[in-house]
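In what follows, subunit A forms one complex with subunit B and a second complex with subunit C.
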Partner chain A sequence: MTTEVMSNDEKKWVKAFQRIPQVYYFLVIITVLGVVLDQIFARGNILSNPSILTNILIRSVALGIVAVGQTFVMIGASIDLSVAYTISLTAVLSSLLMQGDPSRVPMTIAIVVGVGVLVGLINGLIITKLDVNAFIATLGTGLIIKGFLNGSFTNWSGSVPESFQAIGYEKIGPIPISILLLLAVVIIGWFILSWTKYGAHLYGVGGSKEIGRLSGLRTSRVIIISHIICSLTSVLSGFFVVSRLGSGAPWVGPDGIYDLESIATTVIGGTALSGGRGGVFGTLAGVFIFGVIDTVFNQLGIDTFLKTVLRGAIIILAVASYSFRSEREAA
Partner chain B sequence: MATSTDVPNSQRLTSILEDIWTWVKKVPPVYPVFIVVLFIVSQLNPNFATINGVTSFLRRSSPLAILAMGQLYVLASGGFDLSQGSLINLTTIGSALIIYGNPEDAFISITVMLGIGIMVGLVNGFVVSYLKVPSLIATLGMLLLLKGGGLYWTGGAPKGYLSDNFRFFGRNYIENIPVIGRFPVAGLIFILLGVILSVLFHKTNLGKQILAVGDNPKAARLSGVKVKKVRIIAFIISAVMAVIGGILLGGFGGVSIEAGEGMEMLSVSAAVIGGAVLLGGKGSVPNVAFGALTLEGIISLLNLLGLPKPYRDAVQGVIIIGAVAYTAIRSRKRD
Partner chain C sequence: MSEEVNKQQTPLMEVQHIYKAFPGVQALEDVSIKFFPGEVHAVVGENGAGKTTLMKIMAGVYKPAQGTVFFNGEKVSFNHPVEAQARGISIIHQEFNLLPERTVAQNIYLGREPATFGVLNLRQLNQKAKSVLEDIGVDAMISPTDMTSSLSVAEQQLVEIAKAISLDARVLIMDEPTASLTRTEVELLRDLIFRLKEKGIAVIFISHRLSEVFEFAEKISVLKDGMHMGTSNVDEVTTEDIVYQMVGRVLDDYFPPLGDPEDFGEVVLRIKDGSNDYLHDINLELRKGEILGVAGLQGSGRTELAQALFGVDPFHSGTIELHGKPVSIKKPSWAVSKHLGYVTEDRKTEGLALMQPIRDNMLLAVRSLKNIFNLIQPNGIKEAPNLVPNLGEEVDVRVDTYDKEAQDLSGGNQQKVVLSKWLASQAEIFIFDEPTRGIDVEAKARIHEIIRDLTKQGVAVLMISSELPEVIGMSDRILVMHEGTIGGELPAEPNEAEIMLVATGHQNNNGKLESVASSRGEK
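Let's turn to the complex of A and B:
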C-alpha cells in the first residue's frame, strides 16, 4: 500500500537510501557509541576536540589508501597479503634513495613507483599464469620482500627531505594534505570502478571468471591490472608513512598490520571475499570505523590488549551483522 | 627361435617399466623432495644422519606437523584457520600462569587448554557456518581475540613458569628403547595423532563429507551432508591440534609473548607443500604431515648453509609458490 502512495520523488529517495552501503549504519552506531562513551567517561572532550578528529582522519589515511587497492583485488575475487611489506619496501627505498636531498625526490618517486608496478605485475602473473591461489601467491611474494628487507636493512636507513614530509604534515588551508590524498585516492578508485570499462570488467571477472572469459574478457589481464593498482596504493601508503616517520625501516608495514586490516576493513565495507561485489566507499567507512574505535579507546585509556580483543570482536560482529542472512555458503 | 622368446620378454620388461613409471608418477612430489632435502642435510651435517639426529629432528618438527594436519581439515572443507598461532600463544602463556611451577596443576592446565581449544573451534565453526562470516575474517577476528585476551590475562608479560611434567611432552625422550635407544615423546604424539587423523580423514564418512563440503557445499548439502556440523567439527579439530601443538612447543621452547606467532601461515605453507588445495576438496593427511617435515627440513638446511633468518622467509615464500604452481600445472596437464 505504501508504495502506491509514494510519489516518484519519494521512491527516488528510498532507492538512494537503499544504495547506501550497510556499513554506514554500522559506522553511525559505532560513532554514537563513541559519543556516549565520550560523554560518560570524558565529559565530551574527545570528539569535540578538532585535533583529535583530525587525528582520526590522519590515522585512517595510510590504511585507507591501501584498503582502496585491496578493494580492487577483492572485487576481482583475489586478495593481496603482500601489501604490508610493499609499504615497508616503499618506506625503506624512499628514505634510502632520497637521503634527505630534495632534488632526489622525483627520481626516487619514479623508481619506487616502478618497483610497485613490478610487485603487482609479479603477483598478478603468478596468480593468473601459474594458477597459484592468490592467498599463497601474495603470502609468498610478501615473505620474499620481507626476507630481502630484513636481510638487507636492520634499522632506520636514510631519511626523506622536509619538503617530502609535507605530505604527512602540511595543510592546504584548514585541510591536511594527507586527507586530500586519501579523498583523491577514494574518488579515483570510485571513478574507475563505477565509470570505466575496466571497472565493469573487474566486477564481471570477480563475479564469475568463467562467464567473464566466455563473454570475451581477457580475465588474466583484468586481474593483473587490479594487482598493479593494489601495489600502487601500497606504494602511496608507504610514501605517506615514510613522510610521517621521516625515515623507513623494514617493520613499519607489518607493525601497522596493513595486510590483515586492509582485508578486514574491505570486508566490513561490504566487499565480498568471493568477488564481484563491493566498492571503495564501503571500504572507507570500514576504515573510519577502525579510526573511531582506535581514537576513542586510546583517549579513554583502555588497555591495549583489551583493545585488541574488542577489535577482533567488532570485525566478526560487523561482518556477521550483514552476512548472516545471506543464502550463500561462507567458506 | 631365440628371437621369438625375446620379443615377449622385452615386451614384458617394458610393461613392467611402464607399471613402475605410472606408479612413480603417482607418488606425491613431497616425498622425493623430502628425501632429497634430508639427504643434503645429512651430507652437510653428519650428526643428522645418526639416530640421535633423526629423533631430535622429529622432536623439533612434531608441533608443526600436528598443526598442519589440523589445518588440513579446515583447508579441505574450503576454509582457513588463521587463529592457530594465537591459540598456541594462549596455550603456552596460559599454562604457565595456571601451573606457576606447581607440577600438580599440569593436568588441570592441559584439561583447561584443551577445553579452550574446543570452545575456540566451536566458535570459529559457528561464526562461519551460522553467521556466514568468511573463515578468513572469522578466524582473523579470533586471532585478535585470543592474542589480546592472552596478553590481557597475563598483563602483557608472561608470568609463571611451566612445570617439568608439563614440559615432558615437548622436551623429553622415552629412554631405553631397544635398537633405536630413545624416542621423543613429541614424535610419539605426532605419529599417534597422524594415524588417528589419517584414519578419520581417509577411512570414515566424516573425511569424505569434509572433502565434499570443500568441493561444493551446495551439492554436499543437497546430498544430505550436514554442512554446518561438518565445518564445525573441522574447526574444532584444527583448534585442538593447535592446543596440542602449543603444549609441545611450550615444552620444547618455553614461554614467551611471541610463542606461536606466524605459525598459522607456516601450517598453511606446510599443508600446500604437502599438496593440499586451498578452497578445499583435496588433500591427504600423511602428505601434509610430510609437507611439514619437508618445510622443517628445508629450514634446517638453510640453517646449515648459514643463511641468516630473513632469507629463510624469502626461501619459504619461493617454495610455497613453487609447490602450489607445480600442483596447479600438473592438474592442468591431467585435464
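Let's turn to the complex of A and C:
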C-alpha cells in the first residue's frame, strides 16, 4: 500500500477523496460536454438561461424522488419494479378522490399514502415470507396494479385542485417547491441511511443476509420496511406528477419509465445491484446526469435516438468503472 | 500444580456425551471435553473428524442430538448463535462474518449500534470500537473508520476478535485461525491470544498445524472420526503422539490393487518451477498409467494445484510440458483441447449443469471441441446417439433414460456423469479433486475401480484427496503439499502418520520417519 508512506493528514484526504462517489466525475464530464455543445451550437444560450436550469431540476424531481426509494431497496439487495405503476395509481386515485375540491386534499393524501404503505408491505411480505425473488415479486404486483388501472380507467379522470398544483408550479422565494421537495427527500434518505440504526441494519442485511442474521438483525423486517419506504417515495413522486398534469391517467407512470430509469440512475450512482453498498447522493448525481443530457439534447433539437444511446453508454461505463475499482481494491 | 487443581474444579464450559449425526455420517459420538477459564485449548483432528461440528454445537449454530452443554456450571441449550453470544460464547468462523463495504466500527457493533430513538451516535460508536481495539492492543494498526475491505486477512481476523471482545466473550472459539496468516501475523495472533488468556477468557481453537498447536495451547484434545481420543497437556505429549492419536485407524474401505510399476509409461506431464499467487516452486512428473496421489492439509494448495494445471488460476512462471513439449495453459478451454480432464471438488456447482439432462452433461466437454459452425444436431453432436449409451455403460450409470436431469441422480451417479464427460472428450490426463466426497461406500468403491481401470487404458491420473485412506489406498506415488508447495514425495502405501508429518511441516525427508513408525509399533 502506498498509504504507508503518507502522513496522517494526507491519508485523511485520500480517504475523503475515495468517499466521493465516482458518479460525480461522470456528472462533471457530462456537464462539461453539455457546456461545449451549448457553446458550439447555441452560443452558450442554454446553460446560462436560469429558466432552463430550473427546468433541468424540475425534470429531475419525479425521477429523483422515486430513485431515492429505489436506492433503499437496492441497498437491501432487493429491487422494486412496481414503482411506475404505483406512481400511476397515486396520480389516478388523487385526481379521482379530490375531484378538484381543495377540502378533500387531506383525506385523499391520507388514503393514497395508506395505499402506498400497503403496496410496499405486500411487496416486502411476498419477498421475505413467500421467498419470491424481488424482481419477480414486484413485477407481479406492478402488473396487478396495471391491470386494475387499465380495467377501471381509460382516460384522464377527475382533477386536482389548484391549491394542490402548487407542489408542481409554485415557488417559495426564488426556489420551486418541487425542488425543495426533492432535496428534502434526498436529505431524509441520507439521514436514515447514515445516521439511524435502521440504515446500518439495511446495509448489513443487504451486504449479507447471513451475517445480518448471525448478528441478531430481524432481516425480514428490515427488507419489508425498505419496500414500504420505496412505495412511499413512489406515492410522493405520483403526487408531484399529478400536480404538474392536473389530472391522473393510468399511463403516466409507465410513460415516464420510472421503473427502469430509477434502477439505472441508482446503479449509475454507485449502489450495487447485489446490495450493501451505495447511497442517495450518488443516485441524485445519476438523476442529474439524465437531466442534463435530456435538457441539452432537447434544446439543441438533436435526434432523441442519440440521447438514448448516450444514456445506455453511461449506464454501462458507470457500472464497469465500479467493478474495475472494486477489483483494484481487492488486489 | 495447585493452581492447576484449582482450575480443574470449575470448568467454564463443558460438553458431556455429545452425539450428532448428519445424513450418512456420525459426526460426533460421545464427546466429553472440559474447557477452563484462562486456558488455551486446541482441538485437532483430520478433515471430517468432527471438530467444526463440535464448535458449532458449543456456539449454538447446531443443536446436539444427544448430550449436554454446560456453561459456568449451568446446563444450556441455544436455539440461535445470538443466544450463545449473549451468554459470552463467540465463534470466529473460517469464513469471516464481516461486511466488506462497512467500516470496522460498523462491523463490530452491527445490530448493537449505540443510538437514541433510532438515531445513531456515530461518535460513541467509533469511540467504543476504538477502546475495544485498544483493549486488544491493535489500535495502532486498525482504525474504527477503516473500510473493512481495505484490511488484510489478518487484520480482519483481529476485527473479528475485537467484535467477540466487545460482546464480553468469555469463551472464544476460533476455527482454523492461522490457516491464511503469514508467520509474523501468526506471532501477532499468538501474543493476542496470550493477552486474552490473562483476562480469564477460555480460548478454543481448531487447527491443522501442529507446530502452532504446540506453540499456542496448554491442552490438546484430539478428535478422530467423531470420537474424542483424549485430552492432554502439551508438555506431556509429543507431536508424534498427537499424530498417532489423530490417524491410528483401520482401513475399512475396499480399494482395487495398485498399478504394476512395469505398466507405467513415459512422462506425460511435467511441471517445472510452477508458481502463482497461491503456489510456489511446483515440480512434478506424471507418468502414463499411474495414479499420483496428492495429500495435504486444507489451505496447503491442493485444489490450487489442480486449478493452476487446468488454467483456472494458471501458473505465472515455470513451464508445463505435455508429452515432452512445452505448452501454455492459460484458460480451462485450452486445457480441454489438450485432453486434460478435471473432476472438480464441488460437482454440484463446477462439475454438472444440474438442471440439464444427463445426456447434455455427458457431452458438455466434447461439444466444446467441435467446430461451432457445424450443422446443428438434435443431440448436439453427430456421434451422440452411440456415444451417450457407450459412456453410460463404461462408467456404469444405471438409469432408464439419459433425459433425466442430473440433479435427480445420487451423488455417486452424478460423479460418474462428470467422469464420463471427460471420457467423451478423450482426456489423457485426469485430475480428480476429492473424487468420492459425499458418496456412499458402494459407489465409492465403484469409482475407485473406474479410476484404476482408466490407468489401465493408458490414462494418467492426478488424484487430490483430503481422505488419507483414499490417498493411501489408491496412489502409486504420493505428493504431500505443505504451504503452497510440494513438501515431499512418498512411495506407495505409506502410513498415515508419515503423510501427516510432511503435511504439518515436520518432515520433508524420509530419514526420521522411522522413529514414528517404531513409536507406532510400541503403542
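To be clear about the criterion, the second predicted complex is superposed on the first by the 309 of 331 C-alpha atoms of A that agree within 3 Å, B and C clash if a C-alpha of one lies under 4 Å from a C-alpha of the other, contacts with A are read in each partner's own complex, and residues count from 1 in each chain.
Methods note: a residue touches a chain if its C-beta (ideal position, glycine included) is under 8 Å from a C-beta of that chain, and two chains touch if they have at least 3 such contacts.
Nothing here was measured: the structure is a model prediction, and the numbers come from that model.
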* Asked: Given the touch rule stated above, what does A:36 touch, subunit B (first), subunit C (second), both, or neither?
  -> neither
* Is A:276 in contact with subunit B, with subunit C, with both, or with neither (first, second, both, neither)? -> second
* **Dominant toucher of subunit A (residue count), subunit B or subunit C** => B
* To do: Determine, under the contact definition given at the top, whether A:141 touches first (subunit B), second (subunit C), both, or neither.
  => first
* To do: Considering only touches as defined above, state whether A:196 meets subunit B (first), subunit C (second), both or neither.
  => second
* **Which of subunit B and subunit C A:28 touches, first, second, both or neither** => neither
* Thinking of the overlay built on chain A, is A:211 touched by subunit B (first), by subunit C (second), by both, or by neither? -> second
* Can you list the residues of subunit A that touch subunit B in one structure and subunit C in the other? -> 326, 329-330
* **Parts of subunit B lying in touch with subunit A, wherever the complex brings them together** => 77-80, 127-138, 140-149, 151-152, 156, 214, 217-218, 221, 227, 265, 268-269, 272, 278-280, 308-318, 320-321, 324-325, 328-329, 332
* Considering the complex alone, what residue numbers of subunit A touch subunit C? -> 15, 194-201, 203-204, 207-208, 210-212, 214-217, 272, 276-277, 326, 329-330
* Going by the contact rule at the top, pick out the subunit A residues touching subunit B in the complex. => 79, 126, 130-133, 135-137, 139-144, 146-151, 260, 263-264, 267, 273-274, 303, 305-313, 315-316, 319-320, 323-324, 326, 328-331
* Write out the stretch or stretches of subunit C touching subunit A in their complex. => 81-82, 85, 97-102, 106, 110-113, 115, 118-120, 122, 145, 149-150
